[in-house]
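Several structures are given next for inspection.
Both of the next two complexes hold chain A, though its partner changes from chain B to chain C.
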Partner chain A sequence: METCIKGSKEWLNSMEYRELNFAREKLVINPAKACQPLGALLCALGIEGCLPFVHGSQGCAAYFRSTLSRHFREPVAAVSDSMTEDSAVFGGQSNLIEGLRNAYAVYKPKVISVFTSCMAEVIGDDIKAYLGNAKEQDAIPQDLAVALSNTPSFKGSHITGYDSTLKSLIECLAKPRQEDTINDRLYVVPGFDTYPSNLREYKRLLKAMDAPFTLLPDNSDVLDAPNLGTYELYPPATSIAEMNEALNAKSYLLLQAYSTPTTSKYLTGKGVTVETIPMPIGLSGTDNFIQAIAKFTGQEVPQEITIERGRAVDAMTDCHQYIHGKRFALFGDPDILLGLVSFLLEMGGEPVHIVCTNSTVPFKKAMEKLLAESPYGQGATLYPGKDLWHLRSLLVTEPVDMLIGDGHGKYAARDANIPLIRVGIPIYDRVNLHRYPIVGYSGVINLVTMIVNTFLDELDRTSTDAYFELMR
Partner chain B sequence: MSTKEIIDFRKQVVEEVLELYPEKAKKNRRQHITIKENNECASCAVKSNSKTVPGLMTARGCAYAGAKGVVWGPVRDCTHISHGPVGCGYYSWANRRNLAEGEIGVDNFVPFLFTSDFQESDIIYGGDKKLEKIIHEIVGLFPNTKGVSILSECPVGLIGDDIESVSRRMAEEIKLPVIPVRCEGFRGISQSLGHHIANDAIRDHLIGKGPGREVGPYDVGIIGDYNIGGDAWASKKILEEIGLNVVNIWTGDSTIEMLQNGHLVKLNLIHCYRSMNYMARHMEETYGTPWLEFNFFGPTKIRESILKIAAMFDDSIMEKAKTVIEKYDAEMQKVIDIYRPRLEGKKVMLYVGGLRPRHVVGAYEDLGMEVIGTGYEFAHGEDYDKSMANLKDGTLIYDDVTAIEIEEFVSKLKPDLVGSGIKEKYVFEKMGLPFRQMHSWDYSGPYHGYQGFPIFARDMDMAVNSPTWKAVKAPWTK
Partner chain C sequence: MFTNLTKLDLKDKKCMSDAGSPKLCMKALPGEGAERSCAYDGARVVLMPITDVAHLVHGPIACAGNSWDNRGARSSGSQLYRRGLTTDIMENDVIYGGEAKLKEAILEIAARHNPKAIFVYATCVSSLIGDDVDKICREAEAGLTIPVIAVNCPGFLGDKNIGNRIAGEVLFDRVIGTGVGSDEKIPLSINLIGEYNIAGDLWGVLPDLKNLGITLQTAITGDAKFDDLRSAHRASLNVLICSKSLTNLVRKMEIRYGIPFMEGSFYGIHDTSETLVNIAKALGDPDLVERTLVYVQKKEEETRKTIAEYKKLLENKQAILFTGGVKTWSMVSTLAELGINILAGGTQNSTPEDFQRMKELMDPSAQIIEDTSSAGFLKIIAEKKPDLIVAGGKTKYLAHKTRTPFLDINHGRKLPYAGYQGMVTFAESLTRTVLSPVWGLLKQEFPPKEGELDG
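Take a look at the complex of A and B:
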C-alpha cells in the first residue's frame, strides 16, 4: 500500500491519506450542515398563513426553496426582497419596504416571517427599524404581524436558524403570559424535523393519550400536502390563535434539545415551564416521550399505547439477530444522531464512527455519556466538526457494515462498498421516506425494517449459488 | 377561437393578473409580459435583464448560481472552492446533473463541496489567509487537480477580501491555474451576470494559456452544453458521426485544458447562447475562431443545425451529414409515429432558463404539440429576439415571471403540460397538471441529439398521459 500512487483511489483509501485528511485545518469538504435560513424557512412553513420572507439576495431564497422542494417533492413558498449591489451601498431598507408591500398585497399572509441571509447581516441592516418605517409608510398594515430573525449563515447551521426563527415567531405572535390566562395545553416543539410523518406520529400519540396539545410549529400538512387538484399556498399549520396563546401554555415539551436552545431559554425567561427530552427515536426515547406526556396529563398510559409498544418490542426481538454486533457509521444533526445511536444500542448494534459537522460541546458530552452507558457503545468515536470527506477516510480504513445518514452519504458509502440507510435531509434519490416516521413506536418498526431488509437485500445480492437461500 | 380572439383573451388574462399588484409593481411587471402579435420586435415588447421586483416570488437565482452552479461546477478536473459561508456551496452541491468522466476524488471533482465555511471571525478579520491555507490543503489532498477556482459568495465581496492577489500568489506557488471568480450573489440581477463573470474568468486566466495543440481540419468545440444527464455526449455523437472531431466541451464533462484550448478549433458550436456567448465572441475577436449557434432538440432542429454546421466544412462533411440525417430521420420518424398520435394538439407552457424556452419549441412541434406560453428567468433582449421566429402569434411571453403570474396564466390558459423547474413543479402537480422539469430533465435525459429525442418524446408522453392524473379527483367528489 505504501507504494500506491499519490492521488490514486488506493491512496485515497490508505491510512496515510486518512492522516493527511484529518490533518487539514481550514478546508471543509462535503460538510453535513447547511446554513441558518434553511432552518428558518422550515420553521416558518409550520405557522398557518405565514409567508417566509428572505431579507437578502434572491439567490438564497431560490436555494432554500429548491432544497426543500427536492427533498419533500412539495411546493415550497418563500419570497425575498432581492437585494443587489446598490443595497450593499445604501442598505436594504428600500428593498425590505417594497418587498413587504408587494408580498402583503399579493399573498395576504396572516404573518410574515422575515429572516436574513449573509448580505443583510454583513452590511448590518437594522431590520427592526426598517420594519417600523415600513409600517409608518403604510407599506403594510400597522397591525400585521411580522416576525424578525437574524440568521447569518456564518454562525451555527440550519438548526440555529430554526431556533432563532421559532423564537421570533413566538415573540411576535404570543400575548404576554399572565397567571389568570394560562391555558391547559402542552406545547410540543418537534425541532428541525424533516419528517412530516414524525409530526403526525407525535400528534397521534398525544391524542391517544388525551393530552390537550399544540404542535409548534407544525409543517406536516405543508410538506406532505395531499393532491386534491388545487394548490394551496397556506395549508393548515399551527394556528395563529394557538400562537397567540403560546406563552400561556401550561408547559412546553421540546423534542430536540440542540435545535431549540434559544427558544428554550426565551420561554423559561417568560416563566413558562419547559421540559426538554431527547428526540423520541428508539424504544427508550419513545418511552420517555410517553412518560412525559403521562406526567403532563396526570393519567395512566392507556393500554393501547402499551400494546403498540409491545408490537415495536416484538419487531425488535424478532429482528435482533440481524442488527446485534453489526458495525455502524452515522452522520447528521445532533438530536437525530442521539436518537439513532440510542436505538442502535438498544438493538445490540455497535456504532463505530459518528460524524457531526454541527456539533456543540453539550452535544458531545451527551453523546459520550450515551455511548459510555452501553456495552455496545464502547467502540464508538464521535468526530465533532468533521465532514463527510473525513467520514470517507474512516469508512475505508476502519470498515463498518452500514452507513446511516442523508443522501450525501452515498458517495462515501459507495467507496466503502456498504449500504446507506437514508435518514435526515436531503434525500433526493429515494422516494417517500419522509412519509415513514422514525420516531415513536412505529418509528422503531420502520427503522428495524429499513436496516434489516437492507442487510438481507445485500446478502441476497451478493450470495453465490451455494449460499443463496429462501430463508434468511 | 381565431388568433385574434386568442390574443384578446390572453391580453385580458394578463390585465387581470396585473391587477393583483400594487401600482409600482404593476407598472414594472406589465413591461415584462407580452403576447406575440404581427412579429413585432420582441426586445421592444418584453423588457428583460432588469431588477426583480422585491417581494414577488421569483424563480431567479444569483450570480454565484450562474458562475459556480452553471459554468464552473461541471469542469471535472478542477477543484472549485465555494468561498464564504457554508450555505451557497451546500445548496449547489451535486444537484445540477453535470455528468462527467473520471474517478470521483481522483480526477473528477464535480460531486464535491469544497468550502471555506466562513465563521464570524472570517467576516471580521477577512478570509484571505484562510483561503491560502485551503488551497494548500486542496493540492495536498487532491494532487491530480488541474486548477483551483474560487467562487466568491456575498460576504467576500462585502468585507473587501482580495482573492485576486491570493490567487496570483498561489498560482505561482502551486504551479497551477488559480482562478478567482467574483460572483458574489448580490452582483447583477440574476444568474446571468454570474455567467458573464465566469466567462471573463476563463478569458483572463485560462484561454490561450495552455499547452496548445495542432488544430485539425475538422476540430470543433461545443460551447454551452453542461452535459445534463449526458446531453453533451449525445451532441458529440452526432458531430462525430458527420466527421467532425469534438475536442472541447464547455463546460459539461470539461477539463481545464479544454478551457485553455477553447479557441484552438475550426469552429465553436454554441448551444446555450445566454451563458457562454461572451467567450464565443471573445475567441472570435481575439483568435479569429468562428462560432455558430445550433439547436439539437428534436429532429427538425437537429436536421437544420447539422446542415448549417456541415456547410462550414468541405463536401465530405456535407455528404456524411446528409447520410446521418437520412439514417436518423427514419429512426426519429418511428418515434414520432408512436408518440405523435398521443400528443397531437396538446398545449405546452414553458418557463426555463438560458436557451430552452426557445430551443425546445421545435422538439414539441415534432410531436405535434403547441407551445402557447414561454419565458426566461434571466434572458436579455436578444434572447427574446431570437425566440420570436420560433413562436406563433398569440404566444404568451413572460420574462422573470412571478409565481402568482404563472399560476394564474396556467389556470386560465389551461395547457396540457407545463415545463419549468423544481420550484414550480409541485405547484402544478397539485393542480393535477402534467409537469416536466426542464432544467434537470426530471432526472431523465439526455434530451439532446438523436439519442435524446426518443427519451424526450417518451417523457412528455408519460407526463401528459400518465393514468395518475385521473386519480386526482375522488369518485365521490362533485
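Take a look at the complex of A and C:
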C-alpha cells in the first residue's frame, strides 16, 4: 500500500489516523462545547429586568455577547467588571463593587445576575462577601436583588453554567415555600434551549391545555424581539412576581434532565414536586410532554391537540420512505441528542455516530437504553467526551448520509461530502432557524421537512439527466 | 486632506485627553456595556491569518471555543489556521498545572498536522496558575524541526490593542529574519502591516500592486505563509495599513533592518491613490512614481465613473460612523466621496492618532461619540436620526431595532471593500443597504391611521 504523507488530507482520512486520533488525550481539536458563563448568560436573559453581569476578565463578556448576537441576530445585553492584572494580585472586589455601581446607575436593572468567568475563580474571589460590601458601601441599593453563581469555564460546559445560574436566580428571588402559600401553577423549565420558537411552542401548548403555568426562564421575547422601532433593554420575560413565587409552585416540569440537575436537586430539597421528562422532540417525546401536562391539569387532552398530532403523524407517514434506512451522524448537547435520536428511530433512520462532548454517565446510560430498544439503534455508537475532529475521522472512514448538529459541523460535513442539518448553537451561517421549533408536533413537522428536503435538494443537485425529474 | 501626524508628533502637540478619544491601553470601566475584547483576542486577530501554522490555545474552552474561525480572514492555500486547537484546561489542570498537557498537545500537533510552526497562546487561566508557556515551548521545540512560539497574551492584560502589540513583538522576536535564504533586500517590495485579508480585502489590492510592478513580500498578517513572514525583513518598505498597535513592529524593523515605514489606507479612492503614490515615492524609483501617477489617475477616473450612479443615490445622506483602526479616519473620506455627510463619528479600538485624524477630516459640526457603550450609542441614534450607520457587527442589531440602515465594515462583513474595486463594492453595498425596501415597510404605521388608506 502506498503510504501517504502525515498531515496530508489523504492520511487524515485514513483508518490509521482515525486510530491515532482516538488515542489523542491532551488536545482538543474543533471543540463542540461552549463554556459555563455562556449558559449563564442565556439563562439570565430570561428573567424580566435582569442584567447579566460577568465577574471576570473583559474579553469573556465580549465573546459571549458576540456568540449569542450572531446566532440570534439580536442585540445581547451584558456587562463585565473587566478584571485586569492588578485584580489578579489584589482580588476582584473593587472591580465588582465599581462594576455594580456603574451598571446599576446606567442600566437600572430589577435584578442583577452576577456570574464568574475563570479569572475570579482561579484567584478565589469571595463574591458573596464582596456583594455584602458593595451594599454596605451603597454602590447599589440594599434591597436590589443580586444572584450569584460560580461558572468558571474550566469546569462543566454551557449547560452546567445555565443550571447553576438558574438555581442562583431562584434562590435569590423566591420567597420561602410555605404550605399555605402554594400556588396552582406548573413551572416549566425549558433548559439550555436556543430556540425562542421552542419556548413559544411550549407556551402555546400549555395554554391550549388550559394549564396555569410559568415558563422559567423565558428569553423568547429577548432573543427573538419584534421590531417596533425602539430597542428594549428589558423585554418581557419571566416576571419578578413569578420568580418570587417560584418555590410555591404546585409542581415543576423540567424538560432537559442534563442541563438542570442542580436546579432539580435544589427544588426537591425545598419540598417542591419536580418531574423531569425528556425534551419533547419527536412524536413520543411530545406525547410524553402532553400527557405530563394532562396529568397536571387533570383534564383530557383537548381535541385540537389530537388533531395537531394527527397532522404530525400524517407528515411522518408521507415522508417515511425518505428517512427509513438512512444513516445519520449527530453531535450536540445530551438532551437535544436524546430527542433527535428518538425522533430518527421513530422514522426508521439509523443513527451511526453520536458525539457528545459534555456527556455524563447517566446520559450515556439513557442513550444506550434508547438505542438498544429500537432495531434502528443497533448500529449506533456514542462517543462521549469527543470533539468534532474525532467526528471528522468517523465520517470519512465510516460514511453516513447526513450530519445533524450546529454550524461548526460544516467543516467535517464538507470533508465527508455530506449535507449538514443545522440544529443547536451556534448557527451563524443560516437564517431564522431559531424561529422554527424543533419541539412539539410542529417540531416534528419541521424536522421532517428539513431532513427530507435536504436529501431531495442533494438528489436534484447531483442526479444525471436520466434521473432528474419533477416528482420525487 | 490626508493629515500627516506621527505618533511622536501627537504626543508633543496634541491633547490626548479629548472627549471621545480612545483610551489607548487603559483599563475598561467596570460595569459599562462596551464591547471590548481582550489582549488574547487582540493577539489572535493579528496572528490567526498565518495560514500554514497551527494556533494552539492553552486555556479553558471559552478562549478557543469562542474564537476558532470567528473572523472572515481568508486563505488562498492552507486551511490549517482554521483548526480550533486547545488544551481545554479543566479543573484538574488548574490544581495540578497544565504544563505536561500542553507539551503533549504541541507534540501531537507537530507529529500529525504538518504545521510550518506552532503558535501557543497563553490565557488568563494558564498565566494565573503559573504555567510557563515559554519554557514548555522551548522544551518542545528542542525535539522538533519547527519553531514553537509562545504568545504571552492573557486577556487580563487589557484591551485588544495590547494583544495586537504583543503579537507584533512575537513576530519581530521569533519570526521575521529567521529565514534560511538570502537576507538581501528585494527591490520594489513591500510588507502590508495590519492587513488581515478580511473578506478578501488583500486580494482587492494585489492586482494594483502587480500592475505597478510592486512585489508584496507578505501581509502581516493576511493570507500569510510562515516562510514569507520569515523573510519579511527583505522588503524595501513597510506600509502600515491598520495603524493600531503594530507601530512598534515597524519601528523595530526600521531600526534592525533599515526598512522605512509609512502609513496608508486602501479604503476609498482618495486614500488608495494617495497610498499607492506614497508607496512609489517611498520606494524611491522615479519611473515607478511616474507610472503610479498615471495609473492612479486612470483608476480614479474609471472608479468614479462606475460609482457615479451610486453617488447619485447616496448624495446628502446623513451617517453615523463608528469603527476602529485605520477605518476610523479613512471611512470619513470614503463616505465623503459618495456624498455622504457624517453627523457623528466615534471609535473604540484605535489609537489617539487615528481619532485625531478622524476629527480633522470630519466637518466641525459633526459630533464626537463620547459614550461608546450601547446606552450611549442608542442615545446618539435617537438624537441624530441618521440615514445610515456604518460600524462593526456588534452594533448591527441595535441599529436594526431602531430601524436604521446599517452597514458592517468590520470583520463580520463578507465583501471586500479595499482598493478601487473595493470602493465599487462598498458603494454598491451601501446603496443596497440604504435603499432596501424594508426600511420603508418598517416606517409604515400599522394599523393605518384613518384616511391614510385612500392616500
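FYI, the second predicted complex is superposed on the first by the 470 of 472 C-alpha atoms of A that agree within 3 Å, B and C clash if a C-alpha of one lies under 4 Å from a C-alpha of the other, contacts with A are read in each partner's own complex, and residues count from 1 in each chain.
Just so it is clear, a contact is a pair of C-beta atoms (placed from the backbone, for glycine too) under 8 Å apart; a residue touches a chain by one contact, two chains touch by 3 or more.
Given the structure is predicted, the values throughout are model-derived calculations rather than measurements.
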Next on the checklist: Quick check on the superposed pair: does A:31 touch chain B, chain C, both, or neither? Answer first, second, both or neither.
Outcome noted: both
Checklist entry - Is A:153 in contact with chain B, with chain C, with both, or with neither (first, second, both, neither)? => result both
Checklist entry - After lining up the shared chain so the two structures overlap, which partner does A:422 touch, if you call chain B first and chain C second: first, second, both or neither? => result neither
Next on the checklist: According to the stated criteria, A:18 is in contact with first (chain B), second (chain C), both, or neither; which is it?
Outcome noted: neither
Checklist entry - Between chain B (first) and chain C (second), which, if any, makes contact with A:200: first, second, both or neither? => result neither
Checklist entry - Same chain A residues contacting chain B and chain C, which ones? => result 6-8, 12, 17, 20-21, 24-31, 33-35, 37-38, 53, 56-60, 62-67, 69-70, 73-75, 77-85, 87-88, 95-96, 98-104, 106-107, 117-119, 122-123, 152-155, 157, 225, 227, 229-232, 411
Checklist entry - So in the complex, which bits of chain C are touching chain A? => result 27-33, 35-41, 56, 60-68, 70, 82-91, 93-94, 100-102, 104-105, 108-109, 111-115, 124-125, 128-129, 154-159, 373-375, 378, 393-394, 397-398, 400-403, 412, 442
Next on the checklist: Quick check: in the complex, which residue numbers of chain A touch chain C?
Outcome noted: 5-8, 12, 17, 20-21, 24-31, 33-35, 37-38, 53, 56-60, 62-67, 69-70, 73-75, 77-85, 87-88, 95-96, 98-104, 106-107, 117-119, 122-123, 152-155, 157, 225, 227, 229-232, 388-389, 411
Next on the checklist: Help me check something: in the complex, which residues belonging to chain A touch chain B?
Outcome noted: 6-9, 12, 17, 20-21, 24-31, 33-38, 53, 56-60, 62-67, 69-70, 73-85, 87-88, 95-96, 98-107, 117-119, 122-123, 152-155, 157, 225, 227-232, 392, 408, 411, 415, 428
Item to check | Residues of chain B touching chain A in the complex | outcome: 20-22, 24-25, 51-65, 84-88, 90-95, 103-107, 111-120, 122-123, 130, 133-134, 137-138, 140-144, 153-155, 157-159, 185-189, 191, 402-404, 407, 421-423, 425-432, 472-473
